[in-house]
Every structure is written in C-alpha cells, then in structure tokens.
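Both complexes below contain subunit A, partnered by subunit B and then by subunit C.
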Partner chain A sequence: MKSFSFLRLSVWFYLAIFFAYLLGPLVIMSVTAFNSPEFPRASPWECLTFEWFSALFQDERILNGIWNSILVGAGTVVLSVAMGLAGALMLTQIWPKLRATYYTIIIAPILIPGVVLGISTLVFWDRINRMLGLGVDSFLSNGLFLTIIGQSTFIASYCMLVLVARLQRYDIALTEAALDLGATHTQAFRKVLLPFMKPAIASAAVLAFLASFENYNTTTFTFGEYPTLTIELAQKVRYGITPAISALAFIIVVLTVFAALANEANIRRKELVAAARKDATVEELESGRMRLPNFFSSNWAAVGLVVLACLTVATVGTATVYSPQQCIADIREQKRLETEQRIQELRQRRAEEAARRAAEEAESGADSTGGQSKPAAGGNSSGFGGAFAPSALGGDSSTDDPDTGADAAPEQDSGSGFGGAFDPNALSGGGDDGN
Partner chain B sequence: MPSFLKEFFKRNGVGMGSLMLGLVLFWTIGLIILPQLSMLDFSFRPNLPPPEIGGPKDVYTLENYKYLIFGPEGGSQDYNAVDLRVFFRTLVAAVCVTVFNLIFCYPIAYYLAQTKGNHIRIFALMLIIPYWINEILRAFALRIIFGETGVLNNLFVGLGIFDTPFDFIRNDIALYAGLGYAYILLMIFPIYNVIESLDRNQIEAARDMGASWPMIHRRVVIPYAKPGISSGCTMVFMLSAGALAAPQILGGPSSLWFTQLIYQQFNDNSDWPQGAAYAVVLLVTCILLVLAIMRLFKVNMGDIGK
Partner chain C sequence: MSAGVGVDLENLWIRFGDFVAVRDANVKINGGDFFSFLGPSGCGKTTILRAVSGFLEPSEGNVLIGGNNMRGIGPNKRPTALIFQNLALFPLMKVWENITFSMEIKGASAKERRKRADELLDMIALPGQGDKLPSELSGGQRQRVAIARALCAEPDVLLLDEPLSALDLKLRQHMRTELREIQQRVGITFIYITHDQGEALTMSDNIAVMKAGVIDQIADGKTIYNDPATAFAASFVGENNVFRGKVKRIMGDEALISTNRSGDLVARISSANQGKMAEGDDAMMFIRPEAFALAPNGATGDHFITARVNHEEFEGNVFNIFMEGEGGKELKVSIPNLGQSFEDHTGQNITLEYETQNAVAVPAGELAAE
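Showing the complex of A and B:
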C-alpha cells in the first residue's frame, strides 16, 4: 500500500511540474503587465500600474493589426470551411483506389512547414499575376488576398478533419429519402445535411479563426500592406519589448479563459439538465413543473465564470480610480540615489582598471595571451546590452566566427563593451532598465 | 463525359456537384500542388530583376542549390560552412525537441486518458488554454522568464546558485524550452486519443499475469499507442523544424534557425529563387526524414492526423 501512495504522490508531483511549465510563463507574463518598470519583469515588484493598458489602447499599429487580423480571419473562415466541407464530402465519395492519394494530398498542408506554404503562395500568385500581365498593385498581389489564400491552404485541412469526424456518423439514407420525396439536391443539402453538420461547422469555424489569428509563419511572407496583429507583435517583440505587450497578452489570456469556462459551463449545464430530465417522472415533465438544477450546483465552470467576471469588474473599477504616481516617484528617487552610488563606484573601478591596464600593457606588448583574455571580457560585457539590441537579433552569424573574431575584433570589442558599461548616461537611462 | 463524372453529378446534382468539385480542385490543385511545383520551378532559376524574367537569361540552373553546399562562387571556403551548419543544427535540434516532448508528454497523456473524474476536464481545459494564446506571445512570455533579469535568473542569483545571471538566450536554452513549449499539445493530443480507446482490461490482464509497470507500457500500451505517438512526433518535428517565431524571438544573436535563413533570403536579400531553393531543401529533407522514421517503426501515412 505504501508504494501505491508513493506512486500517487509522484504522479501529482509530475502533474505539478507539467502544469507549472505550461501555465507558469503565462502567469508571469500577466503579472508583468501590472508592474511599473519599462522592461517587462515580475520581480522586483515596484508599483502596481495600469498605464500599460492605456499605452496599449493608444497604439495605432496594434489596433490596426487587430482590424487586419479580423478581416483575414473572416475571409479564411469562409474559404477554409467551404473547402474543408467540400473536401470532406469528396472523401466519402471518391473512387476507393484514389482515396489514399487524395487523403495524403489534402492532409499534407498540415505537415508542410508554414514558411514553405507562405513562400509557395507568394511565388505562385506572383507568377499568375505576371502571366496575366497585371501590375504590382493588382488584386492578386494584394496582401489581404495572399494571406487569406495562404492560410486557407492548411487551415482547410484542419476543418476537413473536424468535419470528416462528424460526417462519418451521417446516414446517407437521409439524403436519399429527401431526394425520393422530391427535394432538389440543393434543398437536400441545405435542409438535411447542413443542419446535421452544424455543430461541426461551428467548431471548424472557431478553430479556423483561431488558427488564422495566431498564424505567423505563413503570414510573414504574404501580408504585404496588411500586417496582422501577430505580425505587429512579432516586430515589436523583436525590436524592444515593453509591458504593453504583456497587457495585450493578459487581455487575451482573460478572454480565452472566459470563453473556455463559458463553453465548459454550458456543456455541464446541458448534462445536468439531461440528467434531471431522465430522473423526472412523466407527470412532472408534462406539467412543466420539473425542477431544473440550480445553475451553479455542481457546476464548477459556472462558478469560475462568475468569479472571473467579478474579478474583471473589480480590476477595471480599481484601474479607473487608482493612481500610482506617488509610488512611481518614490521608486524613481530611490533609483536615482542607487544610480549615483553606482556611478561613484564605477568611476573608482575605472580608475583602478585603467591603472592596471597601463601596468599590464607596459609589462607585455601586443602579446597573444593578452589578446585572448580580453575578447572574453569584452564579449561578456557587450553581451548584456547586445542580447536586447535589435541589430544583434537580425545580425549574421559571421561576426561570431572564431577565425575573424580572434584577430581583428578583440581590441575594438572590449573597448566598446567597457565604454557602454561605464557611460553614466547608459546606466541612468535605458541600460539600467534593459538589464 | 466520363462515366464516373456522370455518376458523380447524378449523385450530387449538377449545381452542388460542380460547386463541390470546383472547391476541391481549387484547393488541391490551385492551393496545394501548383504553388509547390511553382516554388520548385522557381528555385532552379537565377535571381533576375522583373523586366528580365522570361528573357534569354531566364534559364534553368542549379546555382541556388550549389550555393547552399559550396557557398558563393570564388569564395574562400570549399563548403558553405555557415549555412550547412545551421541546416544540420536545425534538424538535430528539432529531433531533440521531439524526443524531449515525447518523453515529457507520454506520462501525462497516459494519465489523462486512463483516469476518470471531474478533475480531468479541468486538466484538459488547462492544457488547451495556452494553446489558444498567440505563438508570439508564448515566446514573449518565455523571453521574460529567461531574460537577463528574468524570473529564473533572479531566483537563481537570489538563492546563490549562480553568482552572475546566466545567459539562457545566448546558450539556446530559451529556444529549446520555447519550441518544446509551443508544441506540447500537438504531442499530447494524438497520444491521448489513442490511449483513451485502449481497453483497461488489457492492462489489468497484464498486471494479473505479473507484468511490472515498465513491462506493461513496453508490451501493451506503447505498441497500441504507436499511431498516436508517430503522428504526434511527426507534427512536432515538422513544426519545430519549420518554426520561425520562436527562433526569431528566443534564439541567441549568433545562432540561426534554417527558416531564419530563408526569411533573410526573401526579406533582406530579396533573392527569392535562393530562398525558394532553401525552402525546397527544408521541405524535402523533412519529408524524407519523417518517411524514413515511419518506415522504421512501420506506421502508415493514413494514421497521421487521426
């Protein structure tokens, strides 16, 4: 029995690690949205602030990106659900010998890297555009069109999988009966098959919209003049990150949790009602006096939903009256003192360093051992600033090539590294926040 | 009109039938097959300014592929060491991420599939929620954690484990954690789906016969879950080899992902044929690798995506 409880314990421990890995980053990111430093971080905690949310809502590019994302999402949903449904129907009717090939073709876009899909879409439509003799600003080279087309290529496959799962349970005799009774094919489709497929179509549409909304790899090649929210976010994240992005992430997390809880509460509610109906007597059902279960009884999702809604209202309420100015001023004063102290220390250290280097240089000339110890130090100190510099991210790897780096770079590199670290402006300004 | 087409229209009606056929043809040929062929064709052409396309200089050439292997013509090196190293590093790292995800996710998938109860639904919800958050934002979250003054570094320095902050980003730890993080659900879900349909009696029977837990997994659960495992692994491998956002945000300044090279060819160098050639190389290598592994473990293509 003892080993059994040990097993149980380790299962729970594993689950805890797993969900910490899964949810921890999101929680920490959400926390940074409320902390006042310019650089998003959860610790040390400085001041509770809501300014990042207002910064977010004033950001034209983000708002424009959301609008573009919605446009692209709507187009993608329509196109990919239609193609997915047609593809799924075709799968049930196609000549058996062709079925495996056909299935491979329509499932392949899920496995093809998004980058490749984006490139092939761009290249192909560019060529069509040229063959038709249209200009560079024609409809076919329009970012919106290309993005919808590119995304639909693989999102239609997701839709197809969702729809096929439901279609397998469809009784084809229903359509045949409708046709026998004199319905046209269109009527049979609209009145018989479509209502049956409705739940699956709804979930396929939601899936398609979400997939479109968060797609980056394909869109990054096709967006043209219409950067979606994801593209804007990626550009912001690559070239300097601010807590405003955390604020956006927090909003998305809350919306997601809200939607998930609402969905779950709805399902649970239906189950409970169905169970209550099953237990009810015929008389109760007929008279309509059957007691439906309370909305909140044994429905944790509904309880969670209400708690979340209350929390949201409370947070928004606090945000409108709360002002962190005093706290921020205090922190700033404290930081100024710290910075001054640090500048003093650094001045002292620089004097010492200069003296030491002078002595060293006098001792050994441009000797190889000196050349090797310095680049390490230089690389280190410049690395702190470099990790967040935009050019470092996009920079090519040849600068880190050991062959070229060892000979030419060290002197210059270590010089700039020290120069940056000792500059008092860098410390009181961005440098302090950046690191 | 061929007979099968006639039958098709008879079954679906002319209007519905042609709409269906049109959509399917547009999707399969117009969106899937032709663009890929077009990219393949494009990758064999030289990089020309628009007026010269279709002109006398527009001939097929292997130059773009040669560039990947041998580097620029007349270059100092025999091989294009930088790009090739990035290429192999990407493949090896993608395999590592896949294996890590499999080992990490298998117990969870097994637990979720074989346990009944209300808390399983909460777990399922907690699994799905991170997947609904934008890929960029998930990478951003990890960037905050792994950064120079991130939570992890503060924790480690605070506890006295490290003296100075450890550069997770430069050492690519952040990148691997991010790639693993991004595709957890794609690994769990197929495995979960298969194991859920495994009859518990089989496990009970194996236990009654005296098999130990590792034995049960090796002989009963894993063979049964093989389609799910292979489908999860294929998806995670393909997606992490083709990932672009995570390497751009979490990758160190000196370490590139192969997709980043493609991106640079397209956006920074404006050398589309070169980029297309790299994309073709990536696609073909990944597909061959996946097919080889599937052949090795005797899994069918039809099992993918179930």
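Showing the complex of A and C:
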C-alpha cells in the first residue's frame, strides 16, 4: 500500500513538472504583458498595467503583420485543403501497387526543410515569371501569392494526412449507393462524401491556418511587400523586445484557449444529446417532448468557456477604467530614491577609502624615496587606467584626491568618466613617470 | 400491375486479370420473379449482381434489362436499385432523408419527400421513425429502411446482396417472410444473392446454384432440392448423404450403382442427366437423412443399407442417427419423432431402407465444402 501511494505521488510530481515545463513559459510571458517595466520581466513586480496592449494596438507594423498573416492564412487554408482533399482521394483510388510510392512523394514536402521550400518557391516562380515575360511587379512575383503557394506546398501534405485518416473510414459503398439511386458522380461527392468529410475538413483547415500563421522560415523568402506577423516580430526582436509582444502572445493564448474550450464544449454537447436521444422512447421522440440535457450539466468545457468569457469581460472592463499612472510615478520616485541612496553610499565608501589611502601614503612616504611612489598610482598602473576606479566615475573627484604627487599631471588631464583609459601615457603604466 | 421487367444474362463472362469470376452465364429471369443466386462465398454471385447494377462491365456477353442492352450505361442510369450487404445507409442523414435520397437527386421539394417517406415508413412498419439517424435504429429496422430507400427510387429490378447476413437468426427468419411479402406487394423483379440455402428456398420463385463462377442449375426450389442436376447442387442445397461408386446398369430412368461401401444400390437418375450416364461411369448417389426408414435387421437388397451406429442424438422433432459412412464421413439419418419408443442403437449394426425415387444418381463431381 505504501509503495502504491509512493507511485501515485511520483506520478503527480512528474505531471506537475511536465506541465510546468509545458506551460511555464506561457505563464511567465503572460505575466510580463501586465508588468510595467520597459523590458519584459515577470519579477520584480512593479505595476499592473495595460499600456502594452494599447502600445500593441498602436503599432502599425504589428497590425499590418497580423492582417497579412490572416490574408496568407485564408489563402493557404483554401489552397491546402483543396489540394489535400484531392491528394487524399487520389490515394484511395490509385492502383494499390503505386500507393506506397505515391504516399512517399506526397509526404516528402513535410520532410524538406522550410528554408529550401522557400528558396525553391522563389526561384521557381521567378523563372516562370521571366518565361512569361512579365515584369517584377506581376502577380506571379507578388509576395502574397508566393507566400501562399510556398506555404501550401507542405501544409497541403499535413491536410492530406488529416483527411486520409477520415477517408479510410469511408465506406465506398456509400458512394455506390448514391450512384445506384440515380446521383451523378458530382452529386454523390457533394451530398455524401463531402458531408462525411466535413469534420476532417474543418480540422485540416484549422491546422492549415495555424501552420501558416506561425510559419517563418518559408515565408522569410517569399513575403515581398507583405510581411506577416512572424516576419514583423523577428524584425522587431532585432532591436530589442518590449512587453507589447508579450501582450500579443497573451492575446493569442487566450484566443486559443477560447477556441479549444468552445470546441470541447460543442463536442460534449453533441455526445450528451446523442446519449439522450438513445435513451429516449419512441413516443418522446415523436411528440418532440424529449428532454434535452441542460447546457451546463456535466459539461465542464461549457462552464470553463463561460468563466473564461466572464474573466475576459472583467479584464477588459478593468483595463478601460484602470490607470496605473500613480503606481508608475510611485515606482519611479522609489527608484530615484534608491539610486540616490546608492550614490550616497558610494560617496561615503570612497571617502573612507581615500582616507585610508592617505594614511598608507603617509606611511610609505616615510620609508621610501619619492621616485618610487609607483604603488601610489593605484589602479592607474593597469591597462584600463582608472576606468574601473570608483573615483573615476565622479570625474570631478580627482580634485579632492590626495594622490597629487609625481603622477598627478596625467591624471588631471583625463578628467573624464573614462579615467585614464584613453590616455596614451597610462598604457605604459605609471612607472616611467616616476623615473 | 404489369408482369414486371425481366433480366437476361447472355453468355456473360467476367474476368479480373487471369481470374475468371463468371464463366459463360446464361440466365433468363422473368419479370416479377423473386430470383436467387445461391452459392458459397467467392463463387461469383456478387460479381453478377454488380454487373447487373452497372458497377462492373462484363468482359464478354451482355446484360439485358427489359430487353435493352445495358452495355455502357452507368449504375445511375439503370432501372435497378441495389441493397448492399452492409446496407450503406448514409450515416449523416436522417431516416427520411435516406429513404428519399433518390427524390432529392431529382430535385423534389422537402415537403414532397417527407410525404413519400412517411408512406414508405408506414409500408415497412416503422411509422414515426423518420427523424432518427440510421445509427439509432436496430439491425432489422435499418434493413427495412434500406429496402424503403431502394423502393423509393421506383426501380424495375431490385437487387439484394446478402442483405440478411448481418442479422441474428430469429430476425433473419422474420425478414425472409417480410421480404417475400414486400416483393409480392410491389410486384417488381427481385434478384437475391445468398449463400444461405434456407433463404433461397423459402423466398425464391427460381434459384440459380453457382459454383466457382459456373451456374450448375437453374430451377425452382423444389426441383433443386429433389432433383439436383449436379453433385454440387445436391450436396450444397440441404443436408444429403453421398454414396460414391460406378454405374453398374442403366434401367430406363433408374440406375444400379455399385457403391464403394454399401454394395449395389438402385437410384433414380436426376432429370437433367437422363440419357447422359452410361454403364461404368463414375457416379454419385444422394439420399437425404429424412428419406430413410428403419428396416428389419439383416435385410438385404438394392435398397437396403447396413452400417454400425456411431452415436445418436435427440433433436426434438427428429432422432438423428450417425452411422459409419464412406471416407470418414458419417451417414446421417433423421427419424421423425411421432411419439414412438426409440431405443439406443449405439455400437450396433442396423439396417435402413429407402424408396428408389428418394435416391438420386448424378455423374460424379465436386461436392460442396462442409
């Protein structure tokens, strides 16, 4: 019994670690979207702020990137699902001996690196463009067109995999039955096969859109005048990131959770209705008085969905009335005070050090000649000059420096925050000054 | 009502590569008949059905429906409707939508379709079930929906591909009667495919017995049972005891056969083979279990058989006696239970007799697998 509970405990422990690994980064990132520092950080927590969201919605490039991503995504969904469905149908119709070969060929784009697909798309369509004698601003060299085509080369394969899985459960006798009842091939496809494939088509479409939305390495070659969101983000990150990007990530996470919950709630609802129908008697079905299950009953997904919706509304509501100005001002004030205090401490420490040094100087001066006052130059003897000497930061500090003996002249000359670092004399060390 | 539309198969050959699925089939099916193709699985009966419905082009020969050659005409243009083995009801459509699919194709309004569906649901005794999904029906109900869907297309010929094979025994027996009733009511030609001889015998006007792509015999059920044309037909339809041997003498429509085990026995030559059997030919003789009667022990003659009893069983309506037979196969005898006393014969030798007209002689041939 004891070992059993130990096993249970370790399973829970493992799960906790696993989910922390999986979701931790997302949580941290979401927190940074609401923290006020200019650089995205979760701690120390300073002020709750929504300004990164407004900063996000005022960033023309990000908004434009989102719009382009949606355009590309829509195009890719249409093209990939159509090609994927055609490929999947072909796979079930093709001569069995060719099937394995055909499958390999059609799956290959998934295995080819996206970079290669991007370059080859660019080169291929450029060639075609030239062969047709079209200019650089023709449709075939349009960034939108190229990105959609380039992404679809491999996203269509993903779609095909999803669709094939469903198609394998399709009974070809259903098409035959439709034909037998007088339908044409088109009618059989539209009225029997397509409705059957609908759930898989929806899955494939979602998959295609997400794959398109997050794609970077193919798009980076083809985007032209239409930089997508990923491209814009990558370009932004080069110049440092702001929590506005965290805000965007947070919005995407929330939307994803929303969609997942809605989907789950819908599936559960259907299951419950089906179960209720199965239990219902003929009379109940006929009279239409069958009691359908309550929307929330035994449907945690629906409950979660509503809770999430309420939270969202509450957050947006808070954001519109909440102003973190006071908090930010306080934090700023606090920071200023802290800085001042630190400067103060620094000064004090330096003063103490100076006093100690003065005492040492006096001692060494007693038992050595003036020419050998080398150690008195202190840090200045190194190649960095006085750059790391705390006294150098002050710049004006050298005036009250007691170190004004034989080496005082170069020290005075530098007089800048760099100390003697750029003083050519300093490089050779203070030793020769003494000679 | 008209006599219905007949179907003719003329010199029909169907090949898949080197494999011959149907070999020179010639069948004439009268309009309004309930016609069955009976044979073990893999004998080509479903292939014939697919050729009639148009999913398969014959390699040679023709399919004629109502006298019109169907070559080059697709399944959606033929006046046939097929009921699939697995029924192939459209899983996402409600029952009424399934039934009236053929009307939807022709562009009928939902109201018309609903009305027709209700009529047909009444006919198949499923009133008010139109709004269910096929998955919510029982096996027998689905069966009836499939029939209604096919009938809704108003076909001249209804083709049924072992539609009862997925049902349990009780339901199967019930559906037999129901199918026969429906056929008589609508008066169209039914072509029925089955490997179950009980189904074929109870429902059909005429039966074609098939073996490995070849049609052995076409006749009504009674003829096939009592007067089989081949050894295969005799052994496949109903239970039968086989005696192998050689023809010793031909006496008009009777033959004396010297059997390998039971001596010389007399049998009636089946009508299809009269005049075709000669003395010295290999022959087979068939006697049904119920055609035997117990005879006084030790009686001899050309219609007496003596053998040792292996075991016996009581089946309610009959006593079954299993005796040592030829080639390891047991000889089965069924004595009707009429309330008589019945002693156990296990281990003893007993003598049986039969009437000559109940023994059928045919040329030696392949038997149906057990």
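The definition used in the following text is that the second predicted complex is superposed on the first by the 335 of 435 C-alpha atoms of A that agree within 3 Å, B and C clash if a C-alpha of one lies under 4 Å from a C-alpha of the other, contacts with A are read in each partner's own complex, and residues count from 1 in each chain.
FYI, contacts are C-beta pairs under 8 Å (C-beta built on N, C-alpha and C of every residue); 3 or more make two chains touch, one makes a residue touch a chain.
Here the structure is a predicted model, which means the values were calculated and not measured.
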Inset, instruction - Based on the superposed arrangement, let me know which partner A:Val192 touches: subunit B (first), subunit C (second), both, or neither? - result: second
Legend entry - Touched partner set for A:Lys278, first subunit B, second subunit C, both or neither: second
Inset, instruction - Identify the partner contact of A:Ala205: answer first if only subunit B is touched, second if only subunit C is, both if each is, neither if none is. - result: neither
Inset, instruction - Could you tell me if A:Ala173 is touching subunit B, subunit C, both of them or neither one (first, second, both, neither)? - result: second
Legend entry - More subunit A residues in contact - subunit B or subunit C: B
Inset, instruction - Would you sort A:Ile148 into first (subunit B), second (subunit C), both or neither based on which partner it touches? - result: neither
Inset, instruction - Quick one: classify A:Glu214 as touching subunit B (first), subunit C (second), both or neither. - result: first
Inset, instruction - State whether A:Ala247 touches subunit B only (first), subunit C only (second), both chains, or neither. - result: neither
Inset, instruction - Could you tell me if A:Thr184 is touching subunit B, subunit C, both of them or neither one (first, second, both, neither)? - result: both
Legend entry - Contact residues of subunit A, present in both the subunit B and the subunit C interface: 184
Legend entry - Interface residues, subunit A side, partner subunit B - complex: 11, 14-15, 18-19, 21-26, 28-29, 32, 39-44, 82-83, 86-87, 89-90, 93, 95, 100, 102-117, 119-121, 123-125, 127, 130, 149, 152-153, 156-157, 161, 184-186, 189, 210, 213-214, 216-217, 220-221, 229-230, 233-234, 237-238, 241, 245-246, 248-249, 252-253, 256-257, 260-261, 264, 300, 383-384, 386-388, 392-401, 435
Legend entry - Complex contact set, residues of subunit B against subunit A: 4, 8, 11-17, 19-21, 23-24, 26-28, 31-36, 38-39, 42, 50, 53, 82, 86, 104, 107-108, 111, 118, 121-123, 125-130, 132-145, 147-151, 154, 167, 169-170, 181, 184, 234-235, 238-239, 241-245, 248-249, 251-256, 259, 262-264, 266, 268, 272, 275-276, 279, 282-283, 286-287, 290, 301-302, 304-305
Legend entry - Of subunit C, residues touching subunit A in the complex: 53-55, 74-76, 80-82, 84, 86, 88-92, 101-102, 104-106, 128-129, 131-132, 136, 149-150, 153
Legend entry - Residue numbers on subunit A that touch subunit C, as the complex places them: 171, 173-174, 176-184, 187, 191-192, 195-196, 277-278, 282, 285-286
